[in-house]
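Here it is, the structure, as structure tokens.
As written, the chain order gives the labels A, B and C, with residue 1 at the start of each chain.
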Amino acid sequence: MSNSPRILRKKTGNFLEDFRLGQVFRHKGGKTVTEGLFTTFTEFAMTTNPLAKNARYARAHGFEGLVCPPGLVMLVAFSQTVEDVSENARANLEYIDMRFGAPVYVGDTLEVETKVLGVRVSGSRPNLGIVHVQSTARKNVGAADEAVVATWQRKVQVYKQDPTAKVDEGEVEPDEVACSLWLPPYDAARDYRSLAHLSNRDTYYEDLEPGTRIEHSRGRTMTSEHIHLTAILDNTSQVHCNQFMIDLDPKQYVGGELIIFGGIPFVLCLGLSCPDVGDNALGDLLYRTGRHTAPLFAGDTVFAATEILGKRELPGRPDVGVVDTRLLGHKFVRAEGEKHEDAPEGWKKLAIFELERALVVKRRSHYA
Amino acid sequence: MSNSPRILRKKTGNFLEDFRLGQVFRHKGGKTVTEGLFTTFTEFAMTTNPLAKNARYARAHGFEGLVCPPGLVMLVAFSQTVEDVSENARANLEYIDMRFGAPVYVGDTLEVETKVLGVRVSGSRPNLGIVHVQSTARKNVGAADEAVVATWQRKVQVYKQDPTAKVDEGEVEPDEVACSLWLPPYDAARDYRSLAHLSNRDTYYEDLEPGTRIEHSRGRTMTSEHIHLTAILDNTSQVHCNQFMIDLDPKQYVGGELIIFGGIPFVLCLGLSCPDVGDNALGDLLYRTGRHTAPLFAGDTVFAATEILGKRELPGRPDVGVVDTRLLGHKFVRAEGEKHEDAPEGWKKLAIFELERALVVKRRSHYA
Amino acid sequence: MSNSPRILRKKTGNFLEDFRLGQVFRHKGGKTVTEGLFTTFTEFAMTTNPLAKNARYARAHGFEGLVCPPGLVMLVAFSQTVEDVSENARANLEYIDMRFGAPVYVGDTLEVETKVLGVRVSGSRPNLGIVHVQSTARKNVGAADEAVVATWQRKVQVYKQDPTAKVDEGEVEPDEVACSLWLPPYDAARDYRSLAHLSNRDTYYEDLEPGTRIEHSRGRTMTSEHIHLTAILDNTSQVHCNQFMIDLDPKQYVGGELIIFGGIPFVLCLGLSCPDVGDNALGDLLYRTGRHTAPLFAGDTVFAATEILGKRELPGRPDVGVVDTRLLGHKFVRAEGEKHEDAPEGWKKLAIFELERALVVKRRSHYA
């Protein structure tokens, strides 16, 4: 090769000025859920729902086998959108109307599309703006069991590359996407009760009382494992895995260090809450809205709490009910010499995540 | 939700005063062995026995496919018992009469039951006591191939929650549990010799001499990976994964830092010993007794040795024999200025684990 | 056991004086590729080629399912040779004529043989020498689909154990090994274009221009995860996983700390280059030569670049072409007060890896 090759540096991901209102991305890659991926993320998140751990239990409930928990579906599907939507993002601002559809099993292949619903330049920081998108994940495209498995909107804060570039500002309507939670039919002939010892006894629909806040008892310390986990998900955002980039200009980045991909605390909070509210869920119906309120770094310990907001019937399904909750994640940070009501002396509680979450929960009357 | 919700903090796990003599726990969850779990733990432990690595070799020996090594069966089954038995434990004191039964393959689902055999309050530390339990793991409950895969007793040091609570002290007899190692039949028509190059040449029954102590040559440094590994196993004990809890009161915890789950050094010692004693084993027959003698922390390097205690026939199986061994794990700790016979200058050898272990080992006369 | 057992310390691996010219090792173990192994290493390396991620895409191209990327085949096959060839190595010097054959799928079992082609004592360091070997990996030995999946030569710097021992110096000819890349037949009736959105649009044969150098935009920071990754591969070399050994005599080891197994930066560079040159490859044809030029340690961030050296027809296959490249890996090290042309101020670029690599790449004319 000659001494002076032509140098190419390809741009990865889109900057604010690259987005077009109404534009649709058919994301690259796609991802087949292997048993390796399934185990890594189901167990990492400390999920306790036996549907995701015990194939006998899952089949006895009418599923084909181990069921991907909603957090895993979200992680895999969401990550497919990162390169096109948020590789050049500063932060993910909000999740909106995230709904789940068909169950995802080991061996299913997920592919995702995203439509640009809105673009807006920041008033105060002209090198930034907000992109609003709607994404839909399908499994097994072209096969007999092709189905929508999840759809959601999100708003993300994206950098401009060229401060002078024109931006296609505006907002368009989201598409109507048919996506509602598939539930196995209730069959009174099945002996559900013989399996009842495998899930928690006190987390049926009847047990969850509106007006209570459950402080989930376990915590989980995150380590630099997050770099590996994020790579496994195909999340290519450099703020999660490129320490050199951070070292060059720490002040440019949130916290001045590698930030943990938001999907990690998202599913970890779901997992930490599982023994208290999710153990007898047949699925998650809807995440109405959610957001990260503080970043997470290696070394932080994640805790979670759930507020039970309300309960309601699910039409046509007397065996289950819908529980509306707010899932809250937090960590503690040092606050030498300070006293805070909800933290040990010398520490301060810091909210990191919140999610309005509706679950479909089995009734004891029908299952135990 | 109102500003003053009712706060719930659920208790997780049992404290000393919660255990009832003769009580039986049917543990929650259960766990299907995926290829993800299989690979993570088989390879992590540096197992070299081809039965767990090479499906062609395993099938040629009469197994259905890759065989879960005993350490993996133990890790999965044991972890199922943690929430009920040892989530509030200070330390695991002793393993007793651990026996293996049917082989465990990828796709098998394990479920575990535990009976409380004994409860005793500590004389010197009234906030602690000892719980003695017997656990049995079955695979594929309700299916044609349902079988016991392992049974064991253990003694564990558990905290009291309420120092004034009454404790149901006493001891009851263990159950008789039919659990003996399944071995594939020896078939002289099979060409075992064509596979002999795939395992070590000098670890047949004929090679292992009572009265020798084999210092296994490899060491393995543990990192903070242990937090992730422990979570993957569903082990919910907070002393392994909640750094914040430790930071609040380090003196309350062994070593003042996150302690590595005992199952990790257990299987790591099995793995480190494998090339020298386990490469030609068809299975582990019995762990008569075992205990952790010092804690393991991230950064420590684990070494192991095996003493060959004796050899004996296995009735009806002239192709194999039983080798009785003592497996010993150790690490080195800094000892500035000190000289110890069995350690480099400035270091001290610290025993961390011991296990009386009987293996069923192939005879060269029949296999090579 | 008596107080004075006979102590055995088995030698692991071979030292320089143990190698015999022309000797053939049939390596122990063998390894079945599970979904756990597949996911861990495919995703760790940030591979973006959908053949390794999306089973629908892979089958539509004529493969049986997800295809192991060449880096994974190399890691698994290479690691099988470590105990016999390089457990006592100081460094791996060179990869030569590495060719790939049949595709490797999940469930395939790889077994490897190695022939000793050359042995030479170092002139300047008599406790070291160079061993030259040729290794060949087969899948599913004895089954209908038995096939060679890879073959390669390498030169490795190995310690002598006994400085006075005689060494069997010399060089013999390599074997002719039939191993050429299997490609699925091109079938004009297939609707390849309907899948074209799943891979990068600008990495077809037509897009890759000789005389260009592509600086791949992403970096990946390695952590102590490398210890776990190396163990999962059965790589038993202690310089990757035994911190205690390093602590005893740091000056004896490259860099004075645990060195990352060379296979890790090898596949990581392949992965980092994938979105720019590998996304539309059907396979890697040949690695003519490759070498590690500096060690990698935990905390380093790996970057890569690819020089396009040339392009050529592949006889009989007008749908693809061969692209000859040079893959270059580098990291940055602190250089306080220094200015270097190709690095930010205060840093110096350090080449860590180079590989002459020929890929078989799809033509847009036939696939998109």
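The definition used in the following text is that a contact is a pair of C-beta atoms (placed from the backbone, for glycine too) under 8 Å apart; a residue touches a chain by one contact, two chains touch by 3 or more.
Computed from a prediction, not measured in an experiment: that's the story for all the values here.
Between the two copies, subunit A and subunit C, the C-alpha superposition involves a rotation of 120 degrees in steps of 5. At the interface between subunit A and subunit B, under half of the residue numbers involved are used by both copies, so each side presents largely different positions. Our note on geometry: subunit A versus subunit B, Cα centroid distance of 34 Å, whole angstroms. In subunit C, 34-37, 39-40, 224-225 are the positions where the chain touches two or more neighbouring chains simultaneously. Of all residues in subunit A, those touching subunit C in their complex are 1-2, 5-12, 26, 28-32, 34-37, 39-40, 106-107, 109, 111, 140-143, 224-225, 227-228, 231-234, 236, 238, 241-245, 248, 258. Per the touch definition, subunit B reaches subunit C in the complex via residues 34-40, 43-44, 46, 48, 50, 53-57, 66, 106, 197-200, 202, 209, 211-221, 223-225, 275-276, 279, 299, 301, 303, 307, 309, 326, 331-332, 344, 347.
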